[in-house]
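The next part holds the structures, each set out as structure tokens.
What follows is a pair of complexes built around chain A, which joins chain B in one and chain C in the other.
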Partner chain A sequence: MNYIHFATFDIQAESGAQPIFEIFGWPVNDTIFIGWIISLGLVLFSIVVTRNLALRPGRLQNAIELLLEYIIDTTEGLLPGGGKKFLPFIGTIALYIGISNLVGVLPLAKNPTADLNTTVAFGLTVFLVSQGYGMQQKGLWRYIKGFAEPVFFLLPINIIGELAKPISHSFRLFGNIFGGSVIIALAAFFVPGFIPVPFMAWFDIFIGLVQALIFTMLAIAYISVASE
Partner chain B sequence: MSLLDHNIIWATINFLVLMYLLNRFLYSPVMKIMEERRAKIEGDLDHADREREKANELRQEYKTKLAGAEEEARRIIEEGYQKAQEKREEIIASARQEAKREQERARVEIARAQAEARAVLRDEISDLALLAAGRFLQRKLTGEEHEALMEKVVQELPQEVGGSP
Partner chain C sequence: MVEFSPQVIETIIKAAALIGAGLALIAGIGAGVGQGYAAGKAVESVARQPEARGIITITMLIGQAVAESTGIYALVFALILLFFIIL
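Now for the complex of A and B:
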């Protein structure tokens, strides 16, 4: 029992978010701080990459264009006409979540997405954007009426279903990434000499990429569904 | 430790700021350059289409010109041939005329020579005949006899030596 207690404590420290400093009396978690560093890195990378864009692209520019075009095309598939409009939103989600899911392979780095604060922040934003876009596309009355379809008594179920989306959206990502880091921490705790490379490869890289893709696709799908 | 706390604010701000900055530094410039490239390619294709059309027009024009030139050449050759033919006819005609004139002149010459020869021959023969007759008679004929004899000889002469042609 004592052993288990010790283990859980250690796992908290190893994989859970820990506040490291405060701003205006509000604590900042280490995961959030890593998120800032990732954001900073992304912005710096963007500045460097786009400093000399050319009509005849180099390798790096080609890769970036390919990635952005892939995001646009994917969005366009679910949300016709919204590819370029939603690129900043969807692209940022894809890039940030993707890197956040992968960054756990680095020593001492925790996944920002292993913190529910990050995933709920994204999930809520997606929820607000999808509802707002739906309202804008359908008009207020059709938007409200949409909750009473196909029959009126489904209204509460529809509302619950709509509200469940951001919760499942953010908890799915959080659970997968946090769970992965817990398993890796457990493996590292019980077999300290064993470097859990296969675990890390599986949970940090494969699961991380898959979950980033799922999160992004769901964000597009939610916006698409809400606007139809 | 609760799972949700003030950190959600930091995360949201982070997301929104990141979205703004990435839009400014990544998406907008990249989309702009892609749009520029698309526009340039479209412009180039349009330009190429226009050039091709122009080239086609030019080719058509050259073809027409070439056909015209061929026609002209044929006409010139035809004309030259015609002229040469005319010239030939002319030359032949003039040569024929010349020849005829030459012939005529020759005939006149011959006639003249004949007449001359005839006159000379007549003189010779008359002299000869006179001589022969004189010898035969052994005497000189008087003027009257001579004249008469001459007349007689000449009268008989044309049948053998050639009188009027």
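Now for the complex of A and C:
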């Protein structure tokens, strides 16, 4: 029992969120602090990229335009007419979650998405945006009536189904990234050295990019489902 | 009525949490079967229509992500049992 206790304690310190300092009595976890650094870096990066836009784009502008066009085209496929409108929202989610998932490769950096605070914030934002857009597109009466379809007594089941979406959306990202970091910490705890490196390549780079893609695509799909 | 000391009760709770974490991960069977079925169907579709590989891959990944969520719930519950009940 003592051995298991010791091992789990070490793993939790390795991959769980730890409060590092307090602001006015509110504890700030290290994952949230890294999230702030990533947001700041993204803002500075956007300022640098858009400072001198040229009609004939340079290398950096070309790459960013390719990414943005991909996001617009993907959104346009699921949500006709909403590509440009949802570009700031969907693009922010894709960039922030993509970089948050990849940042675990760096030493001493924990994934901000391995903390439920981050993923639930994103899940709730997507939930509110999808419900608001659905209300705007359908009108208030048709939006409320949409919950009572096809028959009236399915109303509670429809509401529970709608409320389960943000939970599964945020827990999927959290579970994948946190589970990956626990497995990396286990490998590093039992076999230090080069053994954890392929695990890091798989869980941080491949699973991280796939989960960022899935989170973004599901956000688009939820908005599209709520508005039709 | 048998009286247990607090240490014995704590040990029983920890053992039950560990067993529960192990049992929770049985749910991974469902997620694995679902993901494998989706991947197999995607391979069949790519073999039939190789030019539609990109859209098939993205659709397969989204479907697998949805099929995976039950397994992820089980993983989260197992982690809660391991980290928050035992400690």
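Going forward, the second predicted complex is superposed on the first by the 225 of 228 C-alpha atoms of A that agree within 3 Å, B and C clash if a C-alpha of one lies under 4 Å from a C-alpha of the other, contacts with A are read in each partner's own complex, and residues count from 1 in each chain.
What we mean here is this: contacts are C-beta pairs under 8 Å (C-beta built on N, C-alpha and C of every residue); 3 or more make two chains touch, one makes a residue touch a chain.
Everything quoted here is computed from the prediction, not taken from an experiment.
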- prompt: Quick one: chain B and chain C on chain A, clash or fit?
  reply: fit
Query: Should A:90 be classified as contacting the first partner (chain B), the second (chain C), both, or neither?
result: neither
Task: Would you check which partner chain A:219 touches, where first means chain B only, second means chain C only, and both and neither mean what they say?
output: neither
Task: See if chain A has more residues touched by chain B or by chain C, and give me that chain.
output: B
- request: Determine, under the contact definition given at the top, whether A:120 touches first (chain B), second (chain C), both, or neither.
  value: first
- prompt: What is the contact status of A:99 with respect to chain B (first) and chain C (second): first, second, both, or neither?
  reply: neither
- request: Using the superposition on chain A described above, determine whether A:39 touches chain B (first), chain C (second), both, or neither.
  value: first
- prompt: At the CA centre of chain A, how far apart in angle are the CA centres of chain B and chain C, to the nearest 10 degrees?
  reply: 130
Query: Touch check for A:65: first (chain B), second (chain C), both, or neither?
result: first
Statement: Overlay on A puts the nearest Cα atoms of chain B and chain C apart, in Å, by 7
Field: Touching both chain C and chain B, counted on chain A across the two superposed complexes
entry: 12, 16
Statement: Per the touch rule above, chain C residues touching chain A in the complex are 11, 14, 18, 58, 61-62, 65-66, 68-69, 72-73, 75-76, 79, 82-83, 86-87
Query: Residues of chain A touching chain C in their complex?
result: 1, 4-5, 8-9, 11-12, 16, 168, 171-172, 174-176, 178-179, 182, 210-211, 213-214, 217-218, 221
- prompt: Given the complex with chain B, which residues does chain A contribute to the contact?
  reply: 12, 16-17, 19, 23, 26-29, 31-32, 35-36, 39, 42-43, 46-47, 49-50, 53-55, 57, 61, 64-65, 68-69, 84, 87-89, 91-92, 95-96, 112, 115-118, 120-122, 124-125
Message: Can you tell me which positions in chain B touch chain A when the two form their complex?
response: 1, 3-12, 14-19, 21-23, 25-27, 29-31, 33-34, 36-37, 40
